[in-house]
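Input: structures, listed below.
Shared between the two complexes below is subunit A, which has subunit B as its partner in the first and subunit C in the second.
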Partner chain A sequence: MNHVKVATDFSRYPAGRFLKDGPFSGEAFRNKFLEPKLLAGEVILVDLDGTRGYGSSFLEEAFGGLVRHGYDADRVLRLVQLQSKRESLQQEIRGYIRDATRDS
Partner chain B sequence: MFNTPSSAPIHLDFSRVKRLNAEGFLLVVAELQRCVSATYGRHPLTCTHSVNDKVCQVFEQIELGKFLGTSTGATPADDDVVHWRFVQGRRVEGEKYEAVLSDFNDELPESMQESLFIGITEAMTNVANHADELPRADGFSFTCLEKWWMFSQYRDGRLTVTFCDLGAGIPRTLPIKRPALAKLMRRLGWYDDANAIRHSIKDSISRTQEDHRGKGLGQIARLVDSTPGAFVNILSNAGVYGRSAQISGGVGHKRRNYRDSIFGTMIVWSIPIQKQEES
Partner chain C sequence: MATAAAVIALLLVIVGWFATHVFSEMRERRKEMRGQIDKLIVNLHKIEADTRSFHSAPAFDSVKANDLRVSLDRFERTASRMAVFNQDELARHYRLIRQGATLQNFEPSTFTPQPLDAALLMDFSDISWDIEDAMETQYAEQYPDSFPYFRFRKRTIRK
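Our next item is the complex of A and B:
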């Protein structure tokens, strides 16, 4: 299974929504780690622990943004597996995926 | 200042300054940097320093002398000075959390460190995402796009983090971001700066699936809710909205409008902590 640990493979300081916000934005994370695996139909395990934290802008764009980019929410929930000591963080992310609507 | 002859020096006189208020001084520093950027450094700065040693210590502690090109000669030593930290940046630079707050890793619970990181980076994200919506309303066209400034200070058992930008301000951007809400507020006669801030936050907290942007303001405001004695003040243009976690439980709110505008947004988080003395 593919595995990405955000704190070490991406940044300990993930923040911001769009690429223009900075190098460690939600869009950057989605582009680099999530979309390539979803395109290939592969499962990816995202280890969320070890960062300074996650703002809603980062999380919504990284995960909810997948749905806006055309990926079915059920498919995202099946292929993107989350790992964290904090169940509430996983629930928050699943909420962003379910709430996101596809861009027309 | 901007009508002065080309390359005429600008003199800043701090000689009568006896005391520095962190919030006010952060705005002064931000405005000074904006002025220098606006004139492309054509006007050299000269400066008369304060005769007050504490004020001079603060100038040295935050390295303002490097910007002004002159040193006060003071050495930061006082307990209420050495805990000042200052950073500035552009767009979202989460790693700068460490520059202002890593000294407090031992005193702040992990959950509060996380909340502060989220609050600060969401504030940076707001600056980056809303910088180009409207020009600043001070009548001067030069903008400090996506720039922000931040102080932290430990004093009298409280950690204070102050973040500011020189943007259009929440009361002016609300009608663009939430036109229906702004229209309703106007119809009810509620639209003033303080109410615009309050309702922007309220709207951000209650927002569910209708809009994927804008939840950050709620995270900025709510980070104090679970720490009794903590409060946040959000000043934007001429209004302020304050939110505090009561010792007796619950959350208190206050709002006020001032006569003058700061032409931007400032967020002040104040959290009670017990700083461990360095040995």
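Our next item is the complex of A and C:
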């Protein structure tokens, strides 16, 4: 299984929604780690612990953005597995994936 | 007969000592927990003020944004270590408070100064009140104001 630890593989300070908001934005994380694995149909385990906090806009864009970009929510929930000591983070991300609607 | 009386007296002493020990221990725990919750609530009020300050500033401030993100993380981390709280119940509140402060208007590309009566800030104030109430309710459930002033219950502490 593919494994990505946000704090060490991406940034301890993930921030921002779009690429124009900074190099460690949700869009950058999605492009670099999530979409390639989803495209290949591979499971990816995302370890969320160890960062200095998350902005919700980062989480929404990184994970909810997958659905807006055409990936089926059930497929995303199946292939993107979350690991964190914080139940609130997992709840939040699953909510974004379920609530996002595909861009037409 | 004298031996039986001595045994009863000894048992009473042991029971009395045990009861005193338990109540004293619980009183200390209650005071300690009250102090920790008070500090947490002070932090919560500071987060509320910082959120208001960030969103109503004339321009996006990346330092304030980072401080706010770290404060929210620290708040959740601290509260998660407190045995008095049922973390399954509070998880929803942690999520709401993070979303309230950082889901909208939190990027340089989309930032717009918010008036102090903006829905975003009013909603955040409500969220802040709700988590404070939830914490106080859980504290009151574990340490009620009436005898015996505490309840035993199993708690899961997340580190």
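As a convention for this text, the second predicted complex is superposed on the first by the 104 of 104 C-alpha atoms of A that agree within 3 Å, B and C clash if a C-alpha of one lies under 4 Å from a C-alpha of the other, contacts with A are read in each partner's own complex, and residues count from 1 in each chain.
Keep in mind that, in the parts below, a contact is a pair of C-beta atoms (placed from the backbone, for glycine too) under 8 Å apart; a residue touches a chain by one contact, two chains touch by 3 or more.
If you're wondering where the values come from, they're calculated on a predicted model, not measured in any experiment.
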Combined model on subunit A where subunit B meets subunit C, clash or fit: clash
First (subunit B), second (subunit C), both or neither touched by A:64: first
First, second, both or neither for A:13, with subunit B first and subunit C second: both
Contacts of A:91 with subunit B and subunit C, given as first, second, both or neither: second
Touched partner set for A:83, first subunit B, second subunit C, both or neither: neither
Which superposed partner A:54 touches (first subunit B, second subunit C, both, neither): both
Shared contact residues on subunit A - subunit B and subunit C: 13, 15-18, 20-22, 52-57, 60
Subunit A-facing residues of subunit C, complex: 65-66, 69-74, 76, 80, 87-88, 91-92, 94-95, 98-99, 101-104, 106-110, 158-159
Residue numbers on subunit A that touch subunit B, as the complex places them: 11-18, 20-22, 24-25, 52-58, 60-61, 64, 68, 96, 99-101
Subunit A contact footprint on subunit B (complex, rising order): 91-95, 97, 113-115, 117-118, 121-122, 124-125, 128-129, 208-209, 212-213, 215-216, 219
Residues of subunit A touching subunit C in the complex: 13, 15-18, 20-22, 51-57, 60, 85-89, 91-92, 95
